[in-house]
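Once you scroll down, you'll see the structures, which are given as structure tokens.
Below are two complexes that have chain A in common, paired first with chain B and then with chain C.
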Partner chain A sequence: METVTLTIIKQPELYLEADCISPDVFAETTGEIADLPVYVGREQHRLGDFFEISGRAGTTPAGTKIIVKGDLSRVKYIGMKMTAGEVVIDGNADMYVGAWMQGGKITVNGDVDAFAGTGMKGGELRINGNAGNYLGSAYRGDWRGMTGGRIVVTGDAGSDLGTFMNGGEIVVGGNVDVHVATHAEGGTIIIKGDAKSRLGGQMVEGEIYVFGDIDVMMPGFAYRKDVDLEVDGAKGRFALYEGDLGERHRKRKGQMIYGKLYQLVRP
Partner chain B sequence: MTEYLIKNGFVFDPVLGIRGDVTDIAIKGDKIVETDAVKNPRVIDATGKTVMAGGVDVHAHVAGPKVNIGRNFRPEDKLFNTRPGRGVERMQGGFSVPTTIRTGYNYARMGYTTVMEAAMPPLYARHTHEEMRDTPIIDQGAFPVFGNNWFVLEYLKNNEIDNAAAYIAWLLRATKGYAVKVVNPGGTEAWGWGLNCENVHDPVPYFDITPAQIVRGLIEANEYLGLPHSMHIHANNLGNPGNYTTTLDTFKLSEGVKPRGRFGRDQVMHHTHVQFHSYGGDSWGNMDSKADKIMDYVNSHDNITIDMGQVTLDETTTMTADGPFEHHLTELNHLKWANADVELETAAGVVPYVYSPNIKVCAIQWCIGLELALLAKDPMRVFMTTDHPNAGPFIRYPRIMKWLMSQEAREQQLDAFKHKDKVIDATHIAGIDRELDLYEIAQMTRAGSAKALGISDICGGLAPGLTADVAVFDFNPNEPYVPDDIEKAFGDAEHLFKTGVHVINGHEIVSNGNKRTLWVNARVHENPQVVRDVKEKFLRYYTVTLNNYEVHGHHYVPNPYVIEVDATQ
Partner chain C sequence: MTKTVTDVICPFCGTLCDDLEVVVSKDGKNLLEVYNACAIGAEKFLQSQAKDRHTRPRMRQEDGSWKEISYDEAIEYTAKMLADAKKPLMYGWSSTNCEAQAVGSEIGEYVGAVMDNTATVCHGTSLIAVQDIGIPSCTLGEVKNRADRILFWGCNPAHAHPRHMSRYSIFPRGFFTGKGHTGRKMIVVDPRVTDTARIADVHLQIEQGRDYELLDALRVAFKGEQLPDVVAGIPKEKIYEVAETLKSGRFAIIFFGMGVTQSLGKNHNIDAAIAVTRDLNEYTKAAIMPMRGHYNVTGSGQVWGWQFGFPFAVDLSRGFARYNPGETTSNDLLRRGEVDAVFVLGSDPGAHFPFSSVKKIYGLPSVAVEPHETPTTEVCKVHVPVAFVGIEVGGCAYRMDNVPIETRKVVDAPEGMMTDEEFLTHVLARVKEIKGV
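Entry: the complex of A and B
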């Protein structure tokens, strides 16, 4: 695997839109990586205007690793639409990290802002830090949210996690803000810490697991029973709630399928 | 005056009866002229290319509040398809509900120069005109909706055709409207009570009138005035299995009425997006095509015109003043739904929809639209539309041309359907080997639609004296071609002249044109009752005053083209 290392040397005046930082784009570039276009507002610049670039890309996305270093808190769209290969972000990144990614792996050693993993279809997005709002959600207006892949956040996540989620898995090590799995029709969300409120609003299918407290349960969820489960390597007894009872639900073998919300029962 | 001579092209023009002969077309100022009337023209070499008049779209939803609801509630429709400004082109975005700017440019790229906005809520006429004003290049008019309007329902309940006509004349002037549009007559008003009118004899709640009375009354009022266009209807029971009987019942309401006026049309009813109205069966499981029954009627009754409403198998945004239908649709596909009620006048709904080739019903819908056109005996009365964006975006017209002109292209699509055999069983398309030629396409997209709209003395053809709307396509009908060549060539005009202005040169948009707004000014005898009724209704019910209702002035209609009608004789 060939490695390209990008070190930010100049901060943009506004925000830098750099969807070219992806193994797919780097591997397909015949010219200089430094000449790839990036945008600040309505102005187009070169990637090389902001980053010191060393190493070289592989001939395929899968054979390409990108390491991005420095304060990237004004850099958007890192790893967007990538299908294979690896991206390591050493620092905090701005919005849309790994948005619409289909494969490969992104590791962020720092925090990410909102919309990380938007519309994600596959691959792995690991955030060793905190995530902002709309992690693994659908693009604004779209009803096709995350459909596959895995997102792991070691810290906290913001609000509107997994909106319109249809598949895949999101694991949050810490706490989450309001609105979890709104409109979800599939997928799994595991919250190791506490949740606030509005979990599973208009949820049709899918699963939410909460290890900590839930401030306010949605009135559209009903307690069914306690179940013993092993969730992400941890065994325990969970209270199962089903909902959202105000939504439509399909039947499978005569049984109505609901969204499932499990909360760890603590002695 | 600027002069152009478009030389040596293969010209297809039903108005002049030219079927692909090599002919020169001359332009002087804003008009087409005899070729010897130009002295020192700029010559456009059209050797080996196709020349047609600018296209005329009889029915599309391209401006106004419900289009804007579609834009607002579908940001994902603009995802990854925005384009910054470049040259004279301004910034563009959107696919099924494009920005006004992209709407104008994309029509121009297909060689279209006149587009009718098919449903304008009178109360939001100002908004509709502001959007049309901001749509470059193409001439536009808008049809105010009348079929659920309280004035109309009350006048027609008492069979007061003269009062209905006077009200229509007033509203066309107040809204700068073009024609009488009817959407789900009575049904949209019933939607205010959560009800619908599913056939022409269902009573409209509270108003004690039936859809049949509304339709018949509006046809008579339209002919009383002698308007350029006929009454333009989207009938009851749209989109439901078995609805073809409602459609035939609606067609029959036109029988015995003769067109009046000086505009040269032969029809008294235009029924729009008939694809959505040609279904047999009684459930989605056994729904089938009744396009044959529908076209038997249309072919044998020359006082009717129709348009296709062709499903293009895209993800799109449905929007209609048929409020109950949109609610029905959101219950089917569970996607987001917007609903709007427009006071005394109409309502509307908006729902995204994905016409998938893997879904049997969508594939049957695709077949039905094409069958309507392929079974047409007179292409001057059957027009190409997608009911944009309801059955698909208008940018697919060149693809529909491909399907109509090539059995091979149709078979390729049929083969791609997941439920091909079931689809063929439920439709007639597999037994139709007709391939339309470019002359027939020109009838369906230009000459015929212009005639039905009553503007054949303005556009739709290449006869000297008509407006210089001329398109040149990089397509040689005498050389061998594959079906996709049709789609490519007719989606990317090499030249386009709009009212004499060269707006596309070498496939590039080089001018934002001189867009005009067509509206109809009908003069009627003074009618004190209607004047009083309007004042009273505004005082009692409307949330705005008359002064905030009427469309006037340069701000809304900066470049009007007024068609005068004198109904006082």
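Entry: the complex of A and C
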């Protein structure tokens, strides 16, 4: 696997839109990586104007690894739409990290801002830090949110986690803000810490696991029973709630299928 | 000698009352009296006659004082500011006519601006919800003639839309609502005992920030499923009772305001309210409508809807329209430092935005196009006073139910003053010159 290392040497005056930082673009470009276009507002610049670039890309996305270093808190769209290969971000990154990603792996050693993993279809997004709002959510107006792949956040996540989720898995090591799996029709969300309120609002199908407290339970979720489960390597007894009872649901073999919310029962 | 102009449109709130009578001097230069309008609407008409009104642009000087400049100088400053900026914010657009909004949009395209209107801190969240799940709505005429279950959620029309209840929603006798308010059931959901709540048949005094839960509870109640004993501070018996009241009507309408659009959950609250409306249509006819604030905020959404495909927060910086509230909304842009110039027309972010955003406006090249002296004109570098739309110049405006109404000119603007549209047309011409297009 060939490796390209990008080190930010100049901070943009406003924000940098760098959707070219992806193994797909690097592997497929015929010219210099430094000449790839990036944008600050309406102005187009070269990637090389902002980053020191070393190493070279592989011939395929899968054979390409990108390491991005420095303070990237004003850089958007890193790893957008990537299908294979690897991206490592050493530092905090701004919005849309791994948005619409289809494959490959992104590791962020830092925090990310909102809209990470928007409309994700596959691959793995690992954030060793905190994530902002709309992690693994659908893009505005799209009713097909995350359909596959796996997102792991070691820290906290913001609000609107996994909105319109259809598949895939999100694991949050810390706490989450309001609105989890709103409108979800599939997928799994595991929250190791506490949740605030509005879990599974308007949820059709899918699963949410919460290890900590839930401040306010949705009125549309009804307690069914306690079950013993192994979730993400941890065994425990979980209280199963089903809902959202107010939302539409389909039937399978005459049985109504609901969204499932499991909360760890602590002795 | 005076003359009376009838059927005047009121350019204040989204109710856009169209039955005002205005008395003007015979030469049409002075506005003397206003009839039929609410206190706020009448005040807006009379304010145009203020003796201390600014009639020429002014520019902030180094020492903080204002210097009067010509319209030409203001046009030059504005055009250069917009053309030089990498990503200017063009905000406001709600207290002006659609004609001016269209010219403004053209400027936005040439300079790669982010176009945002007051919905960004108001009903923009409703628009997000509409995009997510659609909206079953109607016109205010249908409400007047048919609605017998009126639900006001997080809004206080008694003060914010003073003639809404008397013209459309509660008191009028319509074609199928001959008994007026006695034939209607009025429900108000509000954590406070507002003047609207005081006249309601049922007031659900909800716990602050629990609207989403209560809306969800209503949906559960419609389906006859079990509820917890208390939701959002309301006992479940009450919720079942209100659900039954709504289901038993011939036509239910939900009006909602900033109590739900800008409290916890924002677009999700409206999303759930629309779902409630959709559910109600299983049992009766139901519709839902946002209580739009500025008289033509709906119009700016319409204009951008047909020009860009999005009703607010449109980012044109890359040459194509992008829209993602949370990123392309004014406060996020200002707070994060994503824009380098601010142009405000027909709105008052100085009064409505958080202080942290207003401070950012203060630190940037900025222009406010505004008939009044406002907190925004105080923080901007250039203030361009213009004629009042709907009083000194006509033009199209959209009512809260998306009905376009042509506003009327009733009195002349002070000598030599420009209208929004004239000013913008000159700026557009100058921007094109600078850009060489």
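Before moving on, here are some points about what is shown:
In this section, the second predicted complex is superposed on the first by the 267 of 267 C-alpha atoms of A that agree within 3 Å, B and C clash if a C-alpha of one lies under 4 Å from a C-alpha of the other, contacts with A are read in each partner's own complex, and residues count from 1 in each chain.
In this text, a residue touches a chain if its C-beta (ideal position, glycine included) is under 8 Å from a C-beta of that chain, and two chains touch if they have at least 3 such contacts.
It should be emphasised that the depicted structure is a prediction, and the values quoted were computed from it without experimental measurement.
On the superposed chain A, the positions of chain B and chain C overlap enough to count as a clash. Judged by the touch definition given at the top, the superposed model places A:150 against neither chain B nor chain C.
Contact with chain C, but none with chain B, is seen for A:245 once the two complexes are overlaid on the shared chain. In the overlay built on the shared chain, the residue A:139 is in contact with chain B and with chain C.
Residue by residue along chain A, chain B and chain C are tallied for touches, and C comes out ahead. Contacts of A:42 after superposition on the shared chain: both chain B and chain C are touched.
In the superposition on chain A, no contact is made by A:260 with either chain B or chain C. When both complexes are overlaid on chain A, the residue A:114 reaches chain C alone and has no touch with chain B.
Clashing C-alpha atoms with chain B after superposition occur in a single stretch of chain C, namely 129-137 (options considered: 21-29, 57-65, 75-83 or 129-137).
Chain A residues in contact with chain B (one complex) as well as with chain C (other complex) are 42, 139-141, 143. Looking at the complex, you find that chain C touches chain A at residues 85-87, 111-112, 128, 131-132, 210, 212-214, 216-220, 222-223, 225-228, 231, 264-265, 268, 271-272, 275, 279, 317-319, 323-327, 336-340.
Of all residues in chain A, those touching chain C in their complex are 13-15, 17, 39-43, 95, 114-115, 133-134, 139-141, 143, 178-179, 182-183, 197-198, 201-202, 216-220, 222, 244-247. The residues of chain B lying in touch with chain A in their complex are 73-77, 79, 84, 334-336, 352.
Residues 42, 139-143, 248 of chain A are the ones touching chain B in the complex.
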